[in-house]
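The data blocks that follow each hold one structure.
Shared between the two complexes below is chain A, which pairs with chain B and chain C, respectively.
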Partner chain A sequence: MTLHQLKPHFPWITLLALVAVVGVAHPNFLLPANLISMVADIMPLFIMALGMTFAIYIGGIDLSSQSVANMTTVLATIALPGLGLGAALVCILAGLTMGAVSGFVTTRLLVPSFVSTLAVGGIAYSVAQYLSGQRALYMDVTLRDASFGWMIGSSFGIPHEIVVGAALLALTWFLQSRTVFGRALKAVGAGEPAAAASGLPVRRIKVLAFALSGMLAAIAGLLFSAKLSGGSPTLANGFLLPAIVAVLVGGTPLTGGVGGVINTLIGTLIVAVIRSSMLYFEVDATMQQMVFGIILIVAIAATIDRSKMRIVK
Partner chain B sequence: MYELTKVDKVFPGVHALKAVDFRIERGEIVGLVGENGAGKSTLMKVIYGAYQADGGTVAIDGKPVRFQSPRQAMDHGIGMVFQEQSLITNLTVMENIFLGYERQFVRFGVIDWTAMARAARQQLAKVKLDIDPATVTAKLSFAQRQLVELAKVLTLEERVEGDLVILLDEPTSVLSRTEVELLFSLVRELTSRASFIFVSHRMDEVLELSDRVYVMKDGEVVDMVPRAEARVDAIQRKMVGRDIDKQYYREQKQQPYDPDRVLVSLDRVSLPGRYSDISLDLHAGEVLCLVGTEGAGREAILRTVFGLEKPDSGTVRIKGQARRDFGARAAVEAGVGYVPRERKIEGIVGGMNVYENMTLSQMGRYSTAGILHLGKERALARDWIRRLGIKTPDVFKDCGGLSGGNQQKVVLAKWRSGGSDIILLDHPTRGLDIGAKEDVYDMVREMCADGAGILLVADTLEEAIGLSHTILVLKDGEARHLFRGAPGSKPSLFDLVHHMT
Partner chain C sequence: MTGFPNREVLLRWAPLIVLLILMLFFTALEPRFFSVRNFARIAISAAPALMVAVGVTFIILMGSIDLSMEGAVSVCAVSFAFVFLWLGGSLGGWGWLALPLTLVAGAVLGLVNGLVHVRLRIPSFMASLALGFVGTGLAMLMTGGDRIRIEDPAFRALLTTRWLDFPVMIYVAGLFLLLGWFIQSRTTLGRNLYAVGGGEDLAHGSGLNVARVRIMGFMLAGVFYAVGALMAVARIGIAETATGNGFMFTSITAVVVGGTALWGGTGGVWNTLVGVLIVSVIGNGMVVIGLPGYLQDGILGLLVIIAVVLSTDRRSVSIVK
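For the complex of A and B:
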């Protein structure tokens, strides 16, 4: 087996190796209860990374995810008393709209997605600041439990966050692998000129990909806000970098076209293991972003398809 | 003084230069002509150092040299004036002239702009261009830019000992007749300082300017004629120089087309800068070939029919329906299929497998409510793999890993399986080996027999003649001549070249 053939298998090999290393050093890490709570804790990030996968799969990126999630935590908290479960719908629509705006700016105004999503992220962040009055808001616990309790409970020892994450994974996997839209995404990511020359509506597909990314970022924010029972314009800060790391480490390169949501699952688990291992190895929490920054650079350098990028600026 | 002896250049699958002998004397102007793909560009690239010869010797004044890069060639006095303007348009004229050689003007770590301007003015005087060297290049006309490029190359005079050889690649393609005359008189004057190699598709211009003309065909120099003996007809004959092997294209198998069913009709269609006033009719069962030199407008016309380029005036009708909204999607729905020249870029999606590629243009037919029927897709792919003899281990093979011929078959299967009956073929056999070419020819004939109409831009003139019912010859974006030929009474290569150049 050559290195080239081995490349698609790197992500899960990395995951197993990491689990083994941490497990040997700290056997407690491998306790089922510990693993389950680790996975449950990472779910909001995972859902955001699922959305990010679609943006990166078509060769773009979504830098607005974290701000969209922040905005949703505020929206959910504000809308909960009046709308109950309807607050969820408001959040999802808001995320969808933000993503669609990014997609529109990227495809119609031809602004590269790293700029368009950064700008839309700025708007989302500002909306959150304005609506919250720059304060942390809290949900009424009874109201929260009535509307969102099902998201954060636990059945048969499995936290419901994991169920939500798994359901979204199944849904996005189906979308990616079994639908016309998923096939079109792949074609746009792997060979946009050929996709256009086959008559695919390339722009519409891209807008949908960004909309999907925005929507999943909103769901991530919603889950996070239900879990913490409140919202603030900075609640989800620190999500963006690990979400991008999860997608790239999982094996969806920045150039797009390969990888997908299953890869992102593995990538997210890698991020989760790294994060909890920092606790075990007593790395200061403030150093987390430092570690993820370094991993991001290494992951991009290792996975990017340079034949698709002649000029890098 | 500058001499190539028995120079060879081989690329994977192509013997681009075969034992080429070429020499140029001090102060001479040498013309270089040949069809597309005859090896002119490769030869130029060997001369100015972009390619290294695989065999033979390159010598200056009898001393063998070997250039690893254009910069080394420049150090030996060989400069290239590029056809596609190599100036950086947002830099000033003087910055362009001395690009990469600014060091001479550096004083205490900063550039002395006054000195550079003075030096640039001196260079511009050589080409009789009276402009401010601090002008931003984008503000110049194309003719002025051409002269700046020449001035840039002439800076070699001061940098290099010995004589200059300057290559002019299609320098007249964007110039008006008066500008061409100015350029030519300038080049003649400059022969006191340099020799010139002049490459052009315009035969009359080559003969007007050159002292001698080298004629290339299939990677060989087939003739060298002094101007006194040069005649346009004779050179054009040398450029094509062979009869078509009628057997190879199986002309007898060609069926007549149906003159009553018009599939595509262009009526006085124009797109400024690309083509003008083009009218043609493509019928069911017909192969209509567009012939012309590179840039004559062939590809632009194909792309217009496919909706990728919108004409400024005129009407495009597809099956009687005048097209209003351009865009590939509408074309595909109307039954148009496009087999592009850049097979790996616009033809197949590398990274997607055989069946994914085949259904890409017709996923609606293989899905219900947006959900794909993978089984049906695979069955379709298996069927077409068998029908076209596509060599692939299975339907799951990444198309990026197939050979060129098999990739081309996948692209053709994509359109044919979807029922497209207007097929646009842009260099469908480029880079394919003989066997794969024959397969493509067979498919062309089969599609015609099925009543499809084919608009072809052929890889070679022989292919154009061998495959087509009708040939439209284009020159500089205008229709020059329409040949209709049944097997046995087809135009000759010479007839085509005569109208092309």
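For the complex of A and C:
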């Protein structure tokens, strides 16, 4: 086997190796209860990373995810008393809209996605500040349990966050692998000029990809706010870096076209294992951001398809 | 050519016109806006942002982008504070050495950024975003989350001593702006930055060492981030991980709104000055007329989109990612 053939298998080999290393040093890590709670804790991040996958898959990026998630934590908390479960719908629609706006600005107004999503992120942040009155808000616990309780409960020892994450994974996997839209996404990611030349509505596909990214970021925010029983314009801060890391470490390169949501699952689990291993090996928590930043650079350098970029800007 | 101002002329002057209209608008709503005191306030808030924005201008001129400024500013601010206090904590003693050392630290960060971008062939927006995260993490690691107070009166004089109603740091910022202009228009490096931004193929074809120019550009930007960091510390008297917060959005907005095209090759530090003033006038004016300050990010977001749209020649751009 050559290195080239081995490349697609790197992510899960990395994951197994990491689990083995941590497991040998600290056998407690491998206790099912521990693993399950680790996976449950990472679910909001996983859902955001799922959305990010679509933006990166078509060769773009979504820097607004964190702000959109922040906005939804506030939105969910405010809408809960009046709308009950309807609050979830409001959040999803808001995320969808934000993502679609990013997509529109990118494809129609020809603004590169890292700028358009940064700008839309700024707008989402302002909305969150406005709606929350710049305060941290709390959900009424009975109301929360009545409407969102199903998201954060637990049955047969499996926390419901994992069920929500798995359902979204199944849904996005189906979209990506079993629909015409999914095929079109791959075509756009693999080579946009060719996709356009073969008659695909490239713009519409890209707008949809960004809309999906926004929607999943919103669901991530919703789950997070249900979990913490509140919302604030900064609640989800710190999600952006690990979400991008999860997608890239999983093997979806910045240049798009290969990889996908299953890769992101593996990437997210790698992020989760690294995070908890830092606790086990008593690495100072202040190291975390630096470590993930360096991992991000390594992951990009290892996965990026340089044949697609004649000039690197 | 008719006498009617064509698109290019209009685009060239649009930022300045927008700035004037904004000032008229805020003055009409609240006459107190138009006062020396308030202008000094705007200038103080604009000075650190201007330095950072001038730095990133050089990068955008090359057609690249740098998103590492928040991390870079934090690292520079924190390292300055450590070295400054270690050297006695006063500009009167050996503490002044911390100033040039901070500029060197900024250049080193820029060098790393440039090397990762050029040698590993990673698009600059992602390389710099990742390094920005590393920088913020490094600053966090150095401080352990603490704030470091800088109380040396000689250093704080940058803010507290005023000449003609404006603090000394405004004049320092002005000097560095002139330096930026000099580098941009009177040095080989400056010309090379424009050459790379105008068309990398041509620049490469005419024998320019594009990789070297790019790395030098990032180092130059790093030095300006360090100057911005020093001013940010002088302004509030504290160095911490959060010192860099907000600089990314503000500086990118300022550069783009000022009329430097994201595609490279046009614009420059004077555009950035106008852009920073637009951003600061909006921020200050909204507070003066009694609008909540948090609307600023949203308005700047809209402004950025409009500015990029206006500065894009739609015939020459086919694929946007």
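Throughout what follows, the second predicted complex is superposed on the first by the 313 of 313 C-alpha atoms of A that agree within 3 Å, B and C clash if a C-alpha of one lies under 4 Å from a C-alpha of the other, contacts with A are read in each partner's own complex, and residues count from 1 in each chain.
Note that contacts are C-beta pairs under 8 Å (C-beta built on N, C-alpha and C of every residue); 3 or more make two chains touch, one makes a residue touch a chain.
Quick caveat: nothing in here was measured; it's all calculated off a predicted structure.
Engineer: Looking at A:A33, would you say it contacts chain B, chain C, both, or neither? Reply first, second, both or neither.
Structural biologist: Neither: A:A33 stays clear of chain B and chain C.
Engineer: Which partner, chain B or chain C, is in contact with more residues of chain A?
Structural biologist: The partner that reaches more residues of chain A in the superposed model: C.
Engineer: Which partner does A:L200 reach: the first (chain B), the second (chain C), both, or neither?
Structural biologist: A:L200 sits against chain B, while chain C stays out of touch.
Engineer: Let me test your reading of the model: by the given contact rule, A:A187 touches which partner, first (chain B), second (chain C), both or neither?
Structural biologist: first
Engineer: Considering only the touch criterion stated at the top, classify A:G257 as touching first (chain B), second (chain C), both, or neither.
Structural biologist: Once the two structures are laid over each other on A, A:G257 reaches chain B alone.
Engineer: Applying the touch criterion given at the start, work out whether A:R178 contacts chain B, chain C, both or neither, answering first, second, both or neither.
Structural biologist: It touches chain B, and chain C stays clear.
Engineer: Look at A:L118 in the shared chain and tell me whether it touches chain B only, chain C only, both, or neither; answer first, second, both or neither.
Structural biologist: A:L118: touches chain C, not chain B.
Engineer: Going by the contact definition given at the top, which residues of chain A touch chain B in one complex and chain C in the other?
Structural biologist: After superposing on chain A, chain A residues 193 contact both chain B and chain C.
Engineer: Show which residues of chain A lie in contact with chain C when the two form their complex.
Structural biologist: Per the touch definition, chain A meets chain C at residues 58-61, 63, 105-107, 109-116, 118-123, 125-127, 129-130, 134, 192-193, 241, 244, 254, 284, 286-294, 296-297, 300-301, 304, 306, 309, 311-313.
Engineer: Where on chain A is chain B touching in the complex?
Structural biologist: 178-181, 183-184, 186-187, 190-191, 193-201, 257-258
Engineer: If we count contacts the way the header does, which residues on chain C are in touch with chain A in the complex?
Structural biologist: For chain C paired with chain A, touching residues are 62-65, 67, 116-118, 120-127, 129-138, 140-141, 144-145, 200-201, 249, 252, 256, 262, 264, 292, 294-302, 304-305, 308-309, 312, 314, 317-321.
Engineer: So in the complex, the part of chain B that touches chain A is made up of which residues?
Structural biologist: It is residues 306, 308, 328-329, 331-333, 338, 340, 342, 345-352, 356, 359-361, 363-364, 367, 370-372, 374, 414 of chain B that touch chain A.
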